[in-house]
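Two complexes follow with chain A in common, the first pairing it with chain B and the second with chain C.
After this line comes the complex of A and B, so read on.
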């Protein structure tokens, strides 16, 4: 029982971080129907930026997030304008897979040349501190990371639901043609939406770097998890991605705590398979139109 | 963990490369004797300067280069200056075969020495065998290397990888019965270079009556160690043996610190023996009392060790702590070649092969000796973190007066 509860605590805290990463991914899909295979690489790039700011200038990775967010947003807009916009509309879905994968490889290459292949981690003075709650230990970094993820998700929610830009995004997701007719500038929304998706990678990167050691190759593991979460939640649904992230990370942490860590990684994909068999559009996905 | 995945993917490619390489080798003549030559002694090596093994590969190269400059400053080998011909294998088992074939057939080097990793050493050693070249190698110590039963191969480290941790059992079992741990937990990475070390220790401890209260093998993809460590904490073992590589060692320690449990005896097969990375990753205050095993360490009194460290610092800067063990191991390869020449007055492949199967050979790693398959027959040193430094503590002969510290103090007390 004790192990089970400890597992749930870990799963929920980790789930928040994955929710943040996957929300950016699913947002990009929702707006542009582009499956962004570079999202994992963006997270790792942001983790390296936070690492370097910490090592060179002693900036706490939580405090460097505003800086990295701006950088990642700019990068996202740049990638969209340079590489995705020129694609023809009819084969955008297929070609964007190749293009974003190429971007991921490019980022990986630059990272491994710059920081070589050694694993890095951001070791703050509080990295190993934990809070005892009854007989359970809650790692402080995870708790802060969880709260920050919630805050970032909250910010994303406000942007999408309370701003003119958010309304344009939602309109584009629900019906791109009608949005265009009503004067939504699809090109601009796409570029800013891609930037916003990449910007979520900034906060996620800082947190990832605090929690796990990483190197340039880490994005492969990450992107497979993110894609599973996005598909599970329903592609394009931010709320679905949050719920899906919670489900998968809690269940894999519980399996690791109660059964064996050997089965934990598999849990992720077993759940995905089951959902695809029973509800192919994902938990919150809609068969036809987009949802957010 | 992408690196390990790539290794797995690379294995079948390597097998195919070997098959392709066989006919080429079969029709080549055996032309290896560089005996009565004068002029420079050219030694060929294929090293991973790019790809997955680039970092350790460069450390190996640094060791070879350092030895060459040291020996040349003393007038070379039998009056011949040493010259390395180093080519990049991009960490690929295909390329390594091509490289050694070219070094031997095209460049007609006098000797060849090994690349980095077991994965690359196996195909490379077979090429060397085919042409009658001796194959001293610093970094291929997995069981499959010795399963080949090659008489030309010599693994230049004190012991094969799987026996790396045995020195910890030697020490624990040397303690009086009432001071020994009664219970033990084993957490092992599912990896051919980690699990066997811990399993070797487990069988020795179980035979000596130390009860196994928990054992868990975890996959390379594991990111969160707290579920595993929470279970270790639940059984409160006297001793924790981690069959670790690197990141997982840091992950285990961090989780234990967070869960506030410090086992009285703690041994990690790898990761904890890295003088720079380990304190950086887990926090210097959390290292005290953790044990590991190593072949070379700063302050070692083995043959030529002080000269090696001084030359390294002179060439690369930094301190003795920043010297990668792979450099010391590569340097030891050179020392062995030097010793053969000194003892026999000759330097050719046949002499090296026939000479090294007997006797003991002093190097920076200690005195080395080999069995018929090239597996070294010595043992590693037990090292422990004390006052923020990694020091040898057992066997006493090489411990320079350091005593093992036990029970391990609590976290953060370093």
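After this line comes the complex of A and C, so read on.
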């Protein structure tokens, strides 16, 4: 029982970070119908940026988030304009999948040339501090990471619901053609939306770097998890992605703490297959129109 | 016309080793053929049915480990022995692929891609963690093949030529049969096809099973050729990507496209690997070539040529 509750606590806390990564990815899908296979690579790239800022200048990863998000936002916009915009409309869905995979490989290549393939971790002075609540140990980093993820998700919520750009995004997700007719500049929304998705990856990357050791190949571990979360939550639904992240993360942490860490890697795949059998459009997905 | 072309191509392939190439050339040819069969197999699902599977490398790995396990439990008198088990390897791949396809093909192209890529990473995790079966990170040894040194690559080469003939033959039959027409209908508009009575689920699941069965057989040949397999190479995302990329470069849903793509890309890839060495610059170069093909030649070589001729 103790292990179970400990697993749930750990799962919910880590779930926040995954929710942040997945919300960016599902947003990109919602706007452009593009599955961004480079989202994991963006997260790892941001983790390296945070690592380098910490090692060279002693900037705390939590504080470097504004810097990394801005850099990654620019990178995301660049990728959309350079590689995704030129694709022709009729086979865009398939081609964009491959193009983002190529971007992921490119990022992986650049990372492994720059920082070689040794695993890095960001060792802050508070990395090993923990608080105990009743008899449960919670590392402080994880708690802060969770709170910060919530804050970033809140920021994303505000952008989507309180700004003109957010309204344009929601309109595009719900009905791209109608949005276009009403004067939403689809290309601009797509570019900025891709940037926003990359920015959430950046925020999540700094936090990820604090929690786990990583190397250039780590994005492979991330991407399959993220994709399962996005499918589970319903493609394009940000709220769904957050809840799905919690479900996936909690169940794999519980499996890790009660059965074995090896099988926790498999949990998300089993959940994914079950969802496809029972409800192929995901928990919060709609069959036809996009939701957010 | 197409029979003539095919006959000439295979005659050239059969005659090629007789020139007495050096080992590195034969090694290159073996890898080119591996790539050609893989791309041709992928084309059956990704090209004709329009379901972009990113998980075929999982079945490559399944084939590799299946042959490895067969060799483990079996004493072979002749070094040619393992080749006769390849149909079993293919059957195992197809039998695992069938139920997987039946579930995952309930979704459409984009979600299907996600599910298959997830399968790929799960297969890799399994290959690392099921130590009792796969040997984990330590790898799995296959018997060392006692072929004569001078012509060591020949048996693998000719087995791969047979597999390529099988893959291209199946592709040809697909293009000429009702199954092929049904697959094209699935790619064009699955709902309409279902509506007018095309057995969409049956044909696409069949195409997937055949495709991954072929892929598993290539995995088996590869494993025997390497004689030692590790999880990170047996289930490698780059294998999946190579299959997709070669098919796209040559032209989807064409007979010759994947073959042409494989001959060009695999040669180029081996060249890059030699010149840029083991360094990770190789990955960067590969990704850039990839991006260039997608942006410049999204339709592929064969369709572009055909349109020029008919225009």
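Definition applied: the second predicted complex is superposed on the first by the 292 of 292 C-alpha atoms of A that agree within 3 Å, B and C clash if a C-alpha of one lies under 4 Å from a C-alpha of the other, contacts with A are read in each partner's own complex, and residues count from 1 in each chain.
Simple rule for what comes next: contacts are C-beta pairs under 8 Å (C-beta built on N, C-alpha and C of every residue); 3 or more make two chains touch, one makes a residue touch a chain.
Keep in mind it's a predicted model, so treat the numbers as computed, not measured.
J.: In the superposed arrangement, which partner chain does A:139 touch: chain B (first), chain C (second), both, or neither?
T.: A:139 sits against chain B, while chain C stays out of touch.
J.: Give one of first, second, both or neither to describe whether A:220 is in contact with chain B, with chain C, with both, or with none.
T.: Both partners, chain B and chain C.
J.: Please work out whether A:273 is in contact with chain B alone, chain C alone, both, or neither, and reply first, second, both or neither.
T.: second
J.: In the overlaid three-chain picture, which partner chain does A:253 touch, first (chain B) or second (chain C), both, or neither?
T.: first
J.: Going by the contact rule set out at the top, does A:87 touch chain B (first), chain C (second), both, or neither?
T.: second
J.: Applying the document's definition of touch, where does A:231 land relative to chain B and chain C: first, second, both, or neither?
T.: second
J.: Comparing chain C with chain B, which touches more residues belonging to chain A?
T.: Looking at chain A, the partner in contact with more of its residues is C.
J.: Check whether A:262 is in contact with chain B, with chain C, with both or with neither, and answer first, second, both or neither.
T.: Both partners, chain B and chain C.
J.: State whether A:123 touches chain B only (first), chain C only (second), both chains, or neither.
T.: first
J.: Should A:109 be classified as contacting the first partner (chain B), the second (chain C), both, or neither?
T.: Touch partner of A:109: chain C, not chain B.
J.: Indicate the residue numbers of chain A shared between its chain B interface and its chain C interface, in ascending order.
T.: In the superposed arrangement, which is not itself an observed complex, chain A uses residues 117, 220-221, 262, 265 for both chain B and chain C.
J.: So in the complex, the part of chain A that touches chain B is made up of which residues?
T.: 2-3, 6-7, 10, 14, 116-119, 121, 123, 127-130, 132, 137, 139, 211-213, 215, 217-218, 220-221, 253, 256-257, 260-262, 264-265
J.: Residue numbers of chain A touching chain C in their complex, please.
T.: Residue positions touching the partner: 33, 35, 37, 83, 86-88, 91, 93-95, 97-99, 101-103, 105-106, 108-110, 112-113, 117, 216, 220-221, 223-224, 227-228, 230-231, 235, 262, 265-266, 268-269, 272-273, 276-277, 280.
J.: Which chain B residues qualify as touching chain A in the complex?
T.: 1-3, 5, 52, 54-55, 190, 216-219, 221-224, 226-228, 230-231, 234, 246-247, 250-251, 254, 257-260, 277, 280-283, 286, 411
J.: In the complex, go through chain C and note every residue touching chain A.
T.: Listed in rising order, the residues of chain C that touch chain A are 50, 52, 54, 103-104, 106-107, 109-111, 113-115, 117-122, 125-126, 129, 237, 241, 244-245, 248, 279-284, 286-288, 290-291, 294-295, 298.
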